[in-house]
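Chain lettering (A, B, C, D, E and F) follows the sequence in which the chains are written, and residue indices restart at 1 in each chain.
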Amino acid sequence: MEALKAKDNGLTAAKLNPGERMLIQHEAEHFLYEEAALLDARRYRDWLALIAEDMHYWMPIRRTVTQSDIDKEFTKIGDMSFFDDTREILEMRVKKLEAGSAWSEDPPSRSRHFVTNVRILDVAGDEITAESSFYLYRTRLNTEVDVWTGRRIDGLRRSGESFLLFKRHMFLDQTLIRSTNMSTLF
Amino acid sequence: MEALKAKDNGLTAAKLNPGERMLIQHEAEHFLYEEAALLDARRYRDWLALIAEDMHYWMPIRRTVTQSDIDKEFTKIGDMSFFDDTREILEMRVKKLEAGSAWSEDPPSRSRHFVTNVRILDVAGDEITAESSFYLYRTRLNTEVDVWTGRRIDGLRRSGESFLLFKRHMFLDQTLIRSTNMSTLF
Amino acid sequence: MEALKAKDNGLTAAKLNPGERMLIQHEAEHFLYEEAALLDARRYRDWLALIAEDMHYWMPIRRTVTQSDIDKEFTKIGDMSFFDDTREILEMRVKKLEAGSAWSEDPPSRSRHFVTNVRILDVAGDEITAESSFYLYRTRLNTEVDVWTGRRIDGLRRSGESFLLFKRHMFLDQTLIRSTNMSTLF
Amino acid sequence: MADIADADAAWDRQSIRSLFDPATGLLDRRIYEDEDIYQRELERIFARGWNFMCHESQISNPGDYFINYIGEDQVIVVRDTNGQVNVLLNTCRHRGNALCRAEQGNTKSFVCSYHGWNYGLNGDLIGVPGIKNYYRDDFDKKQWGLAKAAQVDSYLGFYFATLDADAPSLHDFLGDTGRTGLGMVASQGDIVVLEGIQKNVIDCNWKIAVDNLFDWYHVMYSHASAGSSGFLNLSEILHPNNQLVMLGDYGHAISGPGIPKEMQDQIDLMSDEERAELSKTLPIRLRPRMAKELMGSTGVRSMGHPNIFPNLWVTIGGMQICLRLPRGPHATELWWFTVVPKDMPPEGRQQVLRTAVHLFGPAGLLEQDDGENWSQSTRASRGVASRKLGHTLQMGLGHDHVSTDPNGQTGIDTCINEHGQRWFYRSWTEWLAAESWADLSATRSMPPKEIV
Amino acid sequence: MADIADADAAWDRQSIRSLFDPATGLLDRRIYEDEDIYQRELERIFARGWNFMCHESQISNPGDYFINYIGEDQVIVVRDTNGQVNVLLNTCRHRGNALCRAEQGNTKSFVCSYHGWNYGLNGDLIGVPGIKNYYRDDFDKKQWGLAKAAQVDSYLGFYFATLDADAPSLHDFLGDTGRTGLGMVASQGDIVVLEGIQKNVIDCNWKIAVDNLFDWYHVMYSHASAGSSGFLNLSEILHPNNQLVMLGDYGHAISGPGIPKEMQDQIDLMSDEERAELSKTLPIRLRPRMAKELMGSTGVRSMGHPNIFPNLWVTIGGMQICLRLPRGPHATELWWFTVVPKDMPPEGRQQVLRTAVHLFGPAGLLEQDDGENWSQSTRASRGVASRKLGHTLQMGLGHDHVSTDPNGQTGIDTCINEHGQRWFYRSWTEWLAAESWADLSATRSMPPKEIV
Amino acid sequence: MADIADADAAWDRQSIRSLFDPATGLLDRRIYEDEDIYQRELERIFARGWNFMCHESQISNPGDYFINYIGEDQVIVVRDTNGQVNVLLNTCRHRGNALCRAEQGNTKSFVCSYHGWNYGLNGDLIGVPGIKNYYRDDFDKKQWGLAKAAQVDSYLGFYFATLDADAPSLHDFLGDTGRTGLGMVASQGDIVVLEGIQKNVIDCNWKIAVDNLFDWYHVMYSHASAGSSGFLNLSEILHPNNQLVMLGDYGHAISGPGIPKEMQDQIDLMSDEERAELSKTLPIRLRPRMAKELMGSTGVRSMGHPNIFPNLWVTIGGMQICLRLPRGPHATELWWFTVVPKDMPPEGRQQVLRTAVHLFGPAGLLEQDDGENWSQSTRASRGVASRKLGHTLQMGLGHDHVSTDPNGQTGIDTCINEHGQRWFYRSWTEWLAAESWADLSATRSMPPKEIV
């Protein structure tokens, strides 16, 4: 399988033959669904096992801007963001959840990661870049509901019979976050 | 195809080769989408035709509990639940809807079953266990909206060229149900 | 591949063998996801390039009706509707968005098209009819949120290595539209 | 009780009257956000006035019904077996349940889904399960029919209802201006309402939506992109220097482009065939000869927008009518009705649909741009500093003359202006301040006859 | 402050009393939508009365707790190490944070997640981080324990609490009728509440949900489709002409099918074994001999629905109890508790589950149909015209006799009727109008003894 | 009208003053839920006080604008071509539409999307389409410029605005304590605000969010898991027994860890290079020599949290500032601004980002845990019984001395305490009770000088 390049945000420039692409698509979806299931099942340690050492987990801030400022809609790397995590920081988040004193997650939230519209953007050696739409539903206590939606760019690297996730860039649709916190992993 | 065992709630323990798995995944998704379409089209009798005689259609009650009580989050079989239906009861639900006097469904609700993140958990003989995330959107009259989300474990049994559903266990994300009723099939 | 006929709203009458169907399903999903991504990325001109000359883009009005009037739930072709667009009208919508004075879209809305439950209803020569469930999330400014859900029937015609869209019929779940406008393409 | 008691305390006649100053065009912004004012609007404007219900073609058969509102009170508009149209409050007299939940339909009677009480199409209570056994025959069904609108009447096929028995007749309420407005629709011929009422909610005060229909000033700027889309040529329809305004009793008004009198004189000489022929070369359709009877010699010149006070807009030369239903101070439901002449050939009908679908309604190339302006204006009214900044409705104030034509119909030939808005808000303060129809009749301002 | 001050101004004793007219059964609809009335209900009914907390089996071990509400005030119901049950306001005395966020659990003490204050199971403040260093020992922990219900007591294992120290004892508050109602549950034997309380929200006023439990009139019509489903035979359980109503002090009541006296006389002669045997052929289970002690000689004949005023419904012969919690004037939370005798064999328990899951609760074949009626009735109460249309609760008014049995227990043997609803609303006006328990005790109506 | 009239009736000076008792630290919980109190806060605190707008680096070029709020009134903060910064109410003077809908941007002028009125960067109305033709030149543009803040001023690059012309100058309003607080930011050098303001909404009353910044008591318990995560060592930054509190005129205050005087004396002797070198071994960065000028000889010792009354928090030694915007009594928007010295090398900047992203903000390892405590505390304030339970702010009351340093700056060296909260709520009652700036100036309490 040869390396293929695609624009980050649009139609896949290069073409795989549909049969090849179908298999890669299936593998990527399979991985992303299993990964989401671990989060929703609160199996954070198992989830961490899917995270590569060089993980970049990043969610820039989106702003309401005019058409003419559209290139400033998202903050850039090096600006402020909501998440800008290495694997080390993600592990700290997990440790926090395991601490027994993460009050904002005790009682634990109930989350559901809906991952749809998965598209293979790029295949380069053992790395796959996949775009998807996410709808993250979270409910807490008896009445709290949060919804976060957006676009995700994930980097998957083959590792044994599965993948490791080495990149997750999350582009929210919301500008003002209408939630008390973001104590849930995306 | 051999029997494969998987934990109910997590990564598929056993491995199918991806090509095999892809086909089973497609078949399961195809069935689940058709089944959902029948409900959304209010073709309840046609839907019943997809239900096996030994169907167990069950939705336990979820509770807001602390981390330390997390094993009590869902009620168990034998406790109270929202649904605990045999095929016979499901048929009664359908008869009720057909009665012409099910006032809570006349005017009929409008539902949309979004089935995503389908994962094949287990293949054993002619039976497939599939997990999925569901987002059930219902709107009634001009302003009523209900949303139920959660995880579903479905048991599919091959029957001719299609499947019969013999198990549907629904694990809601919500604890307090913020709806006037649950007159919609999940 | 031979021509297959299916009812518009229900189980696929004719049968493809699952392997064949899986490939067509993949191709259709791939196209629909790319098309949705173009809209969400506001690449309207690129989107227009996917629209066939004979496009019919139609969204009837849904009404809250009794069981006995269920055939009147949607308005018919020739009645009033929300969208009843040719490619020419769609191009006008795009021109409007490009005009620099479409105030209701400046600052631009942020949309996310979740396309799920894709089913191949019909394959006839180089034309595919696909049904899907859509969940269109739109947010504007800092607090506005709109959600439209429903069923979509899309007509895809093979064109080179991809498809052109020649039909999009959108059947909303909502009757009263709880939105200031529908300035977003579905 | 509490709400209206509070309202009375807070808003007396004087303070209500001062919410709009006709002498300067200054409008107090609290009218868009105050909860007490809103409650008073429901009582004194919607429950008191004549509200549009539907067109006769929507309920042409016995048993046909259509659900509408008087303010926020839901009503059933239904044709009974005598052909009479009744307007009934959609709430069971037993325990208050809604009788109809569908938006429209056909029925033999109204059976309540709670205990099965059955009401005739005229609202009479005709069946009470167990009246003999459980009620022991001690229940007077005659006293418990559905509450009916105090008056129901139609003009040119348009049904209206009022909950106030003291209201003047529909004919008198409409007056010349209201009748002219409805005449604009009827002048297209024998019309029917098409299947499919578009309904959507805008986060704005209902009055902001209403006053916008008189506002031809916003068209060039707000809707510039509708022009850019190529769908329509704004300047062909705007005619900023040929505007005709008609101000009517009780707050009705018509405003927008007008055919200059000299031009109309020439049109008057043409036969219907000649008009149809000429229309093909124009961006508008010329009205047939009979329109003059319906609209009057001044009214027939209007190519603008009538508003039947308080909330019924006649638009695109009568091709659509749009009702604006209040939903609290900060939300309004818009209902679009589309009409065509019964005998219109398919191509004409296709053309009407094309315009109606693509111009107005929530997805319309024109209408898309209005809602956010209205909602932003409503929203800022809640700021404690912003709501102290009155709106200005000063355009043209004191600069125009009202002319009275030989038939006594009045009109103002002018350029783009804010006469319609001023008249609407002036009337609104008078309705709101009046304690009864007698009070309103005695205290309302008469449409101006000279300088305006 | 402001809210209750306003309420006082708007609603005096006279105007509250006039909201329901016992002489005609006319009920003012504003009771379902007025915000001031609602605030007053929280103060004068929920905070004042005895509220159901939970059953002892739900908190059988020290440290077991269950979260419930008194009106909208959240409380912790907890068993302490002495076995005593305490009812504590779930709000830290320091800065008001909630101590418990889970719905139920077991704990050694309540530690606040904000600053770590630690409260004992009896509410005593037992730990304050830094009390020595930061507070310099100048802080009196004894004064800052959790606020406790003024009185907590149980009857037959059912725990209740009131925030009002002047309330009569639980025993006296329940009176004969309330005790009979709870006896209906206990007569099944030594019972436990099953795991899993169904909770859902209906967009209706809480009183509409409550009065419905007396309403056997709606069953045949509202729930017709539950019959069609084949799940149950409505006529087998309804017995429209054998209804038994009991009206109790402070607003409690029981209403529904009753076993005719003559039949009960025959049952009274049977042994428990004979009753069990006969029950197999009946749609209902006959109560054991000991039921008579718990329910009285009239009460034992009731197969209907008790309501412990204001909001605790005992249903299906005591198999479920349903609490209705107010959530503003327009919403109600329903909580379903399901009970079984401890020693019930698995098949019996299976049968209880089958009934409980499939009949009631939001997905129940019966219950599904109720919510929308209630919510539509509540909704229409907001219309300015609709809310002026009183409800009628006239069924059977003046036609029935109250009999007093040899043991002094009263009951009304009749057909389907609205006695329960009338008694509920009459009592409701009296609770709401009273300024204190002393006032209520002095001014309340006594249950009727003759004509009703 | 109605709202403030009601408020006046319900809340007079005396009842407002009694909402907090400085002698006991008892706080009335209704301040978190009463709608009339909230309206009064908007009028008497936000519209009257000086509100933080933005930092000069955010609008460095002519035409740069940033949208902010004064209470719930939206304002445009814009630099004009003269370099002057203007604060304009974001509501068109014609019909009230919002001029700017983006959060930030650059523009030549503000054109309204409704009718195209055009305002200069200083708010002047410079273009009115049709002023000649439609307005007939009879319209005085000078009278219809955008409403401007009564005063706009900056201190150390931080822009503030007030809607009250009678407010004292920004310099005087800030007083020593406010200036010290801003000096904490500026002491890092010539700073800029980074791209990206985190904004989120918490369901809590704004005052609960504000008083939390003085609350170093909650850190060890609330944020224990942030320690467990390994991201930071709480005890290294907390110093419970070395706390320094400064109470300032008009309600400003600073509270948190303080460098003991003796240690500061040693630091004072060090050069900036020595400080930088030593900082590498410490969990905090020592301030440069110039900090003393900005913060005073007591202020420079603070490693705590300033609050510029009412709602601007300076945090992490000046690295972030957080604005808390009221959104009704039950919701607050938090806006996080992150600052770095312009000349900071990339690694330093990287370190700032790491801290800012991972500590605070909605996803911050520390901040995650705060919101739910605040929201639960706010929520319980609505219960009719719970809201009668006052909060206690008694910690350290009467146990500490205010010292005045040789330069006249005052400070309290103590352990963890609630001085800041008490001062905040005491000032809050005074602002809320005062009818005008003159009244507030005359009646406010002066910062304590002795026992506190």
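The definition used in the following text is that a residue touches a chain if its C-beta (ideal position, glycine included) is under 8 Å from a C-beta of that chain, and two chains touch if they have at least 3 such contacts.
The shown structure was predicted, so the numbers you read here are calculated from the model rather than taken from an experiment.
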{"item": "Graph separation of chain B and chain C (steps between touching chains)", "value": "1"}
{"item": "For chain A and chain C, chains touching each", "value": "B, F"}
{"item": "Same-site or different-site touching of chain A by its copy chain B, using the half cut", "value": "different"}
{"item": "Chain B and chain F: spacing of chain centres that average the CA atoms, whole Å", "value": "50"}
{"item": "Centroid distance [mean C-alpha coordinates] between chain F and chain E, Å", "value": "48"}
{"item": "Inter-centroid spacing, chain E versus chain B (mean Cα positions, whole Å)", "value": "34"}
{"item": "Junction residues of chain C, two or more chains touched", "value": "22, 64-66, 100, 103, 105-107, 114, 116, 135, 140-142, 175-176, 178"}
{"item": "Per-residue overlap in chain F, given as positions that touch at least 2 other chains", "value": "6, 101-103, 113, 199, 222, 369, 372-373"}
{"item": "Chain contact topology (line, ring, star, complete or other)", "value": "other"}
{"item": "Pairs of chains, among all present, that meet the touch criterion", "value": "A-B, A-C, A-E, A-F, B-C, B-D, B-E, C-D, C-F, D-E, D-F, E-F"}
{"item": "Chain C - residues contacting chain A, complex", "value": "22-23, 26-27, 30, 33-34, 36-38, 40-43, 46, 100, 105-108, 110-116, 135, 137, 139-143, 161"}
{"item": "Touch list for chain A against partner chain C, complex", "value": "9-12, 15, 18-19, 21-22, 25, 62, 64-67, 70, 114, 116-119, 131, 133, 135, 149-151, 173-176, 178"}
{"item": "Chain A to chain F touching residues, read off their complex", "value": "59-61, 63-66, 68-69, 75-76, 78-85, 89, 92-93, 95-104, 140, 175-183"}
{"item": "Complex contact set, residues of chain A against chain E", "value": "103, 106-107, 141-142"}
{"item": "Chain D residues within the chain C interface of the complex", "value": "101-106, 194-203, 222, 224-226, 228-231, 333, 336, 338, 349, 353-354, 356-358, 361-363, 365, 367-369, 371-373, 375"}
